[in-house]
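Working notes, beginning with the structure itself.
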Amino acid sequence: MLESLCAQMFGRSLWVYHANSGGCNGCDIEVLNVLTPYYDVERFGIKLVGSPRHADAMLCQGPALRATADALRRAYDAMPAPKLVFAIGSCACGGGMWYDSYAVLGPVGKVIPVNFYVPGCPPRPEAIIYGVAVAVGLVDKKAAPVRFKQAEFPIPLYHPDRLHGEGELVIYESPKGV
Amino acid sequence: MIARDLFLRLKGSFSSVIQRADLPSDQRLFVFVEPAALKNICYHIFRVFDARYVISIGADDRPYSGKFLVAHNFAFDADHLLFSVLAYLPPEKPEVESISEVVPAASWAEREMRDLVGIEPVGHRYLKRLVLPDAWPEGVHPLRKDMAWNEVPEGLDNSREFMFDDPPEGCAVVPFGPFHPTLDEPAHFRLYVEGEMVRGCEYRGFMVHRGIEKLAESVLGYDDIPMLAERICGICGCVHNVAYAQAVESAAAISPPPRAEYIRSIMLELERLHSHLLWVGLACHIIGFDTLFMHSFRIREPIMRIAEKISGNRKTYSLCVIGGVRWDISSELKGELRHVLDGLEKEWKPVVSAVTGDKNVQARTRGIGVANRQLVKEVGAVGPVARAAGVDIDCRRDHPYAAYGRVEFDVITEQGCDVWSRLLVRMKEVFQSARIIRQCLDKMEEGPLQAAITEELPPGRMGLASVEAPRGESHHFVITGENNRPRRWRVRAPTYQNLQAVPMMIKDQRIADMTISLGSIDPCFSCTDRLETIEVRSGTVRLWTQEELLQAARSKKPGNSGE
Amino acid sequence: MANVAAGLLNVLMVLLVAPLFQGIQRKITARIQARQGPPIWQPYFDLLKLLGKEDIEAGTVPAMQRFAAYLSLAAVLTVAFLVPMGTAVPGALVGDAILLIYLLTLMGICNLLAGLAAGSAYSLVGISREMMSMVVLEPLFAIAVIVGALHAHSLRLEIVLNGSAYSGTGVPWSGIVMLGLMLLSFQAFVQRVPFDISEAETELMEGPLMEYSGPKLALFKYAQMAKLVVYSALFIGLFIPWGETLHPPLALLLFWLKSLALVLLVAVVAATHARYRIDQAVRYFAAMMIASLGALVLAAYGY
Amino acid sequence: MLNKIKEAIVCLRPGRVTLPYPAQAEPVPENFRGVPRWDGEKCIGCAGCANNCSARAILVLDPCQELRILQYIGSRCTYCGRCAEVCPEKAIVMSNEFEMATAEASDLQQRLDIFMSTCQRCGRCFKGAAVLEGLKMSGYRSDEVGSGRWVYRSRALLEGDAVVDDIPIELD
């Protein structure tokens, strides 16, 4: 009984630890912003804590850099289970503008398992609150992939093996005078 | 005329070593000299002409001129002049005499140049790696043109530990960072402490390298880079955005229409407002005064909202493209903005008067983190750090850009040199920013937002731009290039210089004061570390003792270049 | 028997009410900060959640960590057992004022143990600060108790903790001085801003508790919350005991109202101050201690 | 002491300002730059958006002459709005959507299969309105949609092979 009660309380008392693994600060200050009077996430029991040992959720900002990946992993390991990881902002979600730069490993998902993505550059404070609300089940997610086809294509898709083939192969001509 | 005068004066002393000089305008001067004479000339400029050191730049110019290029930038603030001394170095042996002995502030920039471009500063007193990791193989320099932006060299050993210096005798080591509640960004300090007293520190920063400059030089185009520049820093992004655009504009002689300039000024000041309020909040949070933290964020919120209404985002305004701006401020928004400013001033005044009378806050900030005039000059500190030490510099007035030449405002200075003075400077600057925005709104005239650019930008031109960020001067250096992108783009954020003052500021203070001292420069590691390297570590801050500084200041003439 | 029952009632009440007081404090703080704030029951949620979390024993001496966690709550509850809280004075059977002083010191020592057992650099800085402030704070409280004891000519708890500070003849100058001093340092006893120096979230990441997680952290947090109630009870017992003779339910109500008022005061002071540095705090307490020694001398002469 | 009381009064004056979000949302500013949405009917597949995307979040894959696939990797989009600005057909709109939090990064993706009718040349031209938006690449592209990578190729390379796998940048 007590156990289920404790588990229930997880969503109502989420202590978060924010780790910037190399972002630009923008998401950081928006995360700080959600603590402040206008947004005040403390009303959902969310509190910022200084030590990962006390944390229930980690808010990651910034891409995973080679320099900080280890520290990020250590911070994640230091958190007691059950734990959630939120990737806040475009860098944490997808690597941002520098996703393939040699200083950058990529999105934080490459280093630690991410539970929720909150895209935005930086996400509005509302978007961050929304992310937390999705996580604790207050609201449903709205995001869904979009696929649009202008026409159905009977044409067989190009395959690299066929590049030098014959017959039905589409001929590729190098554009001239570019 | 100033640029010409200065050039003539310089020519009087160094006529034999000056190869060429470009005077694109009255506010810019590029002098190409023999590499052997660089140190002497820099000494002359820094000590005799009393210029402010800005930054040193190394560039791989081999695909174009077959040589390496090194530039030392200085600013003559009173004369509104940005000045660059350049020298071409032979491709087979890129070495240049270090100027850090005569210009201590150049220490980091030279080490960075050595790491990234492979230009060896000969005679540098502390040649520890600054930006590249110890694991990085020798002789691989990511900023050279033969390296790709996504190339990871062989021989990289991620498991290797940092090579820290030994702590002084009798001192314990307290690590600070990389993740610490007061640091919004990763940075690592190793504090040498004796009891509660900090006796020194070693800084391993440059952990926020994302490869920005390299991306700009190899992947993106002129008009994409402003968006990239903006994301150098999430707080003063617009500053980098504008500075980059202005550097390119100054290189290509494009002048944006007046309305665009006013809008740039307005957005920059909005950014300063939100940044200063943010800083006051964070500083209070650091000293445990959470109520004021909450209230300055509350007061700041309307600014974020109005910025969102104007630009479509609360913080990343994505304002500039080359030759203009993307968003207009309609007359409705003008009214709304005025209203926001009124509310801000009304709310901020009582806060300022409450805080300035607060003994409790003063107890934590007075006499803490002292950076005096001399330290400011030696490390080239800028912005509120300099102004709180009575150094009257402000790029908005000294190197007018955007619409700042057409508005009136006061440059706030304080004499206390400590955290308290920096707090006062920032609190008072809020009112000046509001004043500037009001004037801009009044004077803004109708007109186009972007200058028409009809042909591709000429390659090989150089542009300098200084923009006053909330933290101090942001300096951008651009060499235009082919393929619709610059050849070299160097960003110097204000924290790059200010951070070099931190070890002196926290020396012989308590650990408890370390955080607020560091916080008082409003550190922005993402700005400072914007470079293009992989993990970067073990940059030790050279601890300049007071004697050494004095000595450097008074030192006899540096060794003659002929020797 | 009635005494034991009263003591048990105290312990129960402290356990029940302490998180509520914390909740009220957080609500008040939020009000001062112009925001809505957490629900008043939030601290209960927090404790329950912490109980359900994984317990990572990462410190250098896990056994000692466990011991420190249990001891910290136990020490507070023992004090609660001894202190009058609007009911019959419970502790008379088992202890006197000297025991009380020991137990109070033990509460501080639990924190030291906790930090020592965790052994991280920040914990160690935290406990060094804790020790520094303990050195000056504990005697201060001891003097307050002794002043009362001197006035009352007794060390018995039910006498000392019943407004003994004023029980001398004539105007109780020493009692009034001690009241002022205790009011000025009350924040330090309950470890709130501006004197939460050993835990300073922004400097030391909660110092001694940095390495604790899950149930153990819950115990420490619970002990901290209870500490506030216990110190309020001590303060009320020493300096504002009036109304104890009322009909028991009324007396009980009055006591909790008085402690609520104290808790509100603590919250307001905490919300309007910046944290002091350890050296500033120690200097401040040292001045207090000298003043309290003056009070002690006064009390010895019967003023 | 007086000062602290003054501060407390300053603090209490504004009252409670907390917004009721998420129970009740405030309207989003009109020109807020939220998720870019493609109008599939309008798109001509010029890939100008991909060429001017500084986050390189729009990938282009040309499996054959008649088909062009635009893949939008929403997880790294920086919402700068350049794609909407340069689109010659105004087929991209920066919507007001920002509540995009999700447990799956793939929820953020958009994909557009565009039928490319052929013109005399490659049929894949984008000429920006401004000089600086100019083409960085033309002709066929085969970004690595699977791994989310944008494959950079210089003009020199394009003049050689039309379709190339991931070739490291050649400096020009």
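Each chain gets a letter, A, B, C and D, in the order it is written, and its residues are counted from 1.
The rule is short, and it goes like this: a residue touches a chain if its C-beta (ideal position, glycine included) is under 8 Å from a C-beta of that chain, and two chains touch if they have at least 3 such contacts.
This is a predicted model, so every value here is computed, not measured.
The most distant chain from chain B, with centres taken as the mean of CA atoms, is C.
Interface comparison, B-D versus C-D: the higher count of C-beta contacts falls to B-D.
Chain B and chain D, compared by their mean Cα positions, are separated by 30 Å. The centroid of the Cα atoms in chain C and the matching centroid in chain D are 57 Å apart. The geometric centre of chain A is 30 Å away from that of chain B, both derived from CA atoms. If you average the Cα atoms of chain A and of chain D, the two centres end up 17 Å apart. Shared contact sites, meaning residues of chain A that touch two or more other chains, fall at 36-38, 40, 43, 50, 96-97, 100, 121, 124. Residues of chain C in contact with at least two other chains: 32-36, 201-202, 205, 271-273. Chain contacts: chain B has residues 148-151, 180-181, 227-228, 231, 291, 294-295, 298, 308, 313, 316, 358, 360 touching two or more partner chains. Chain contact topology: the protein chains form a complete graph, every chain touching every other one.
Across the interface of their complex, chain B is touched by residues 19-30, 32-33, 36-38, 48, 50, 52, 62-63, 65-68, 70-71, 75, 96-98, 100-104, 121-122, 124 of chain A.
Across the interface of their complex, chain C is touched by residues 2-3, 5-7, 9-10, 12-13, 15, 36-38, 40, 42-45, 47, 49-51, 53-54, 56, 78-82 of chain A. Chain B meets chain A in the complex at residues 133, 142, 148-152, 158, 178-181, 184-186, 206-212, 214-215, 227-228, 231-235, 237, 278, 281-282, 293-295, 297-298, 301, 304, 308, 313-316, 524, 526, 532-537. By the touch criterion given at the top, residues 4, 7-8, 11-12, 14-18 of chain D touch chain C in their complex.
Here chain D touches chain A in the complex through residues 16-19, 21-22, 25-26, 37-38, 40-41, 43, 54-57, 62-67, 73-80, 97-115, 121-122, 135, 138-140, 148-150, 155, 158-163, 165, going by the rule given at the top.
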